[in-house]
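Multiple structures follow.
In what follows, chain A forms one complex with chain B and a second complex with chain C.
Here is the complex of A and B:
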């Protein structure tokens, strides 16, 4: 065999392999799209619809347009998406606010027990929120008896639990600060700037990329978070997307069509957002110390 | 470092922050949460010291992050450990104080006393009087002094109101209220708190919706914290070691309360066969699940990364973008989608397998089928992250190494196993361990896909695909027993296990990372 033929063959094999992988990735999503347009509630199982199977009932359900004699639910499904966006945006912003100054101190200042505190941040955050659920539940329950808007069944209560993400992000932001040479800050200090001024005026402006990464990663994480949200939020009005979407697939009443339409409608913007910010995120994952 | 002195503006801001916190603390103290009050006061003092004293300058930066960390990570963790030493569960839900109060309130209708019909009169805008008519002798009537009924609010029980005898012909001022009206205006709620003191010394209170009767307390609290049944002189006392009330023979009476039980839960995990049997099986499956997930996702991610790094391939960018999709789509949605695709009767996977291979695995009812499904889905979810990491690693290997080996006539396979893998594996080991630890606690994929099922025979609430976290969750939240304490004990053990892994990981990677 000639070398050029061999190369051609190798390329074809590689393409074939990648195409199979692509099919496994993309086909499930296409099937969900088809399911959302199909009459009735069947699990996703085909890429093709006969003309008599077409129906927009699931999309009408999701967009809260009346579509049959059955009354639409009191909580429109898009409300769940909205709840999720609020919770994710506020908790991600909160995490950045709370962790950035600490990351600065860890990166630039020398103090007692610095290494120990950093290590314990990393080890203690390995304790997943699901395991502390009983504790979170009891704590929120007793807080709610005195401060109603911060108790069980409230979005602020859920957000405050998600703020537990500070530890991982202190590490990520610190890792980025470490890569920025301190020389600029040195010269600002010589010119008489206080540490806080150098932090705000010099370090923060050049650190926008890492804040974007932290924001996007924690946004996506909270968007997908299921166990804590389902334990804390009891009424459909306060549900997040994760809890609401899974509620459509209860044991004896699986509304696959409704679920598919909701999944497409809410999954697409999040996915597009991620892909647009991909470059930042991948950079943040592969550089800077510790990941995930 | 320049240390700023305390400026008047800073003092003013500190005062403005301090005042509302002090007020909040006052409210906390008033509501009976003394310890919380002390903690808030302590935190306030700490915060003031940090933001005013030049010596604590560094901590001004650390405070927000470390404060949030203590509040949202360390505190719940310690609380979980604390619960694991108690018997907190649906049978021991309330504190001793609450259960004792409930016992004190237990009452019975005193035999041989009359019950009364009643009419509630409204006088003016907010005052009420009650007329009682003896059901056995309708000539016998009583009228209360005026009292308040704040709509919808509870009145502390028992609030005593005197009620005195009147002639049947006595006319009563005010507007009589119907039962429907009383309900609608939410007046029953405050009415429950009142007891009416008859001239003969008996008290009567609301019994159901339409009468007032004479009730007596069943239990009398003795100074030694035992309780005596006033009808039969039967005595029970609390057993704080077990969190229950017991009679003389040691039998449980009534509901239990929360008690400190020491190492009981941990001993139970080791010795109780009903828990030990599922625990060991679930532990082994958890290890296998995490190991296969981490290693498998790494292998797939690595192969894809190597192919996509091949410069002569076309369309690399398109492939890469689409192959990242499982990482970009919210995992909850993907997991639920796969639940549908793997549906045994109607799902796409079985339709395809049946059409092509005449073979339809039982993904939902067969334990091995369910395990295979969970693993397949988790690999699908996990490989893009590994692919991204591996791509980063591959790009950092200088191409001159490959050129050198090409001159010696190598082929791609030997290149991969003799150059790439040995170079890439050591720095990736921490990532693999982190991924193992992550999957060890990968609750969502198990819970949303199978709910832990199919059920494990002889394993109580355990399922064949349950990993330790999902088992813990169903012990606490899905079984009727709601065994929060046992769940917390397993959670504590899990934390030590995963914490050790994280610590080892840190040791290994600290060679690369400079703090």
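Here is the complex of A and C:
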């Protein structure tokens, strides 16, 4: 075989591999999209619709159109979406607040058992949150008896559980802080900045990329989290999108079309949030201040 | 006025691990007095404790024991901002997300100075440093030299009584380094403030310092003005550290011969002998037939004999480094080679026999055990 032929063969193989990988990512999404536009409720099974199969009925359902014809008042999809956005946004913001301050301490301060605490955080994170589901349930149940708005069936209750999942984020942010030379903060200290001023005015602005990454990852996780949310949230009014969507797949009546439309809809806030955060995910924020 | 004097007394820094167990002592009980307005250079190889000492003066590092006073105040427990110091870091340590103006104004803003005052101070300082065209830019848009000038400006606007420099020129290229060196020296002349300057480069130390403090392994080896360090090093370390090329240090013995006392180098081949003359004769009487180190600078081994103190020495050329007006000639000796500085535009080739003249009046002798100079 001539070298030029061999090169062409290599290129074709590489492209073939990439096309297969692309299909694995894109095809399921397209199938769900098609299902959401298909008349009646069928499981996702095709990529092609005949002209008489098109319908917007599922989208009308999830978007409550027309408002006069609300199909089922007890399962309002837009309300679930709103619940999800609130839970995800507040949880992600809270996670950033908790993990960035903790990471600052781990990265910059020296105290007893620092290494041990860091390691135990890592080990703790290896157990999935679902393992503690019954504990979460009991805790929220008893908390709810004293503080009603923080108990079972409340969004703040669910948020407080999500806030516990900070250890990976602490590690991630600490890793980023470790790459920022301490002399920048020392310089601020000599300039008269308090530790808190240094954190807010020097470290936070140059750490925007890692915060954007942590925020978007937390947002996606909480947006699609099902087990904990389904256990905590009992009443349809408080459901998040993931819980609401799964309720559409009932034992004897699987509303595949509704489910598919809702699934596609749940991607919208994630996409919006991703586009917002993406602006901050840029390299070289510290460049210029420090000579490496 | 003594408000800018710095007194370091019995200073110790021991690092500890997370549990508070001592791991490493970086500074071992040093004492140093720096006068008001003095330019003091701390110099030594990496790990000698010079930066740690500076950081303790700055207040960035906790003092394990001993005291540091600035003026007549003990500053051990003062925050850096209350010590009247400003510091310039090796890596500039500018705030990358702020403009040059804000970089310089940050400290004044935190100190709640009036806006007019900040504006005026920063403008005046930036003009003096040639940065006034760049106040709206961010550090990223500046060259290395300009960035270090911003760091310098940030220190100046704080109007400190003591400036601290932590290897500020190490990250600059050779040309910029020479330029900034003279700029800092000029600044010292204008402001008259005390400056403590840490470097590992003995050329910077010699050219900039009023006095130089040579450190090694957390201990001060010698504190003196540049010429004294050059002429009268107190120990082998200072002798070998100061001067470029370094002083030739030859190991051997002093023996009594019919012609008088003679130093003979240890070594099978090419071992050289140098007669001991003049005032040294009485000094070495205790060391006859004992190991000794003879030190002589390359610039005192030359091609011409000027007066009676010069003695001839013949050996073969090993390597020659022509520098134009002069050549550094590495000549074979028992312990490898010694360096002679030969003036004139000449070329040498390997193996060529050469007779040079050693100025015995400039010879120093060291005790190899204590490493101290014999005097």
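One rule holds in what follows: the second predicted complex is superposed on the first by the 258 of 292 C-alpha atoms of A that agree within 3 Å, B and C clash if a C-alpha of one lies under 4 Å from a C-alpha of the other, contacts with A are read in each partner's own complex, and residues count from 1 in each chain.
FYI, a contact is a pair of C-beta atoms (placed from the backbone, for glycine too) under 8 Å apart; a residue touches a chain by one contact, two chains touch by 3 or more.
Bear in mind that the values here come from a model prediction, so they are computed numbers and not experimental data.
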item	value
Partner chain(s) touched by A:115 [first = chain B, second = chain C, both, neither]	both
Which of chain B and chain C A:197 touches, first, second, both or neither	second
Which superposed partner A:205 touches (first chain B, second chain C, both, neither)	second
First (chain B), second (chain C), both or neither touched by A:184	second
Overlap of chain C and chain B interfaces on chain A (superposed complexes)	111, 114-115, 189, 285-287, 289-292
Chain A residues touching chain B - in the complex, by the definition given at the top	7, 11, 14-15, 17-18, 21-22, 24-29, 31-32, 35, 42-46, 97-99, 101-106, 109, 111, 114-115, 117-119, 121-128, 130-136, 138-139, 146, 160-161, 163-164, 166-167, 170, 178, 189, 194-195, 199, 220, 223-224, 226-227, 231, 241-242, 245-246, 249, 254, 256, 259, 263, 266-267, 270-271, 274-275, 278, 282, 285-287, 289-292
Residues on chain C engaged by chain A in the complex (per definition of touch)	18-20, 58-60, 79-81, 85-87, 89-97, 106-107, 110-111, 138-142, 144, 147, 154, 158, 171
Chain B residues touching chain A - in the complex, by the definition given at the top	1-2, 4, 27-28, 31, 33, 57-58, 60-69, 72-77, 79-80, 83, 88, 304, 307-308, 310, 312-315, 319, 321-334, 336-341, 343, 346-348, 351, 380, 385, 388-389, 391-393, 430-431, 434-435, 437-438, 441, 443-444, 447-448, 469, 472-473, 476-477, 484, 487-488, 491, 494-495, 498-499, 501-503, 506, 509, 513-515
Of all residues in chain A, those that touch chain C in their complex	110-115, 181, 183-184, 186-193, 197, 202, 205-206, 284-292
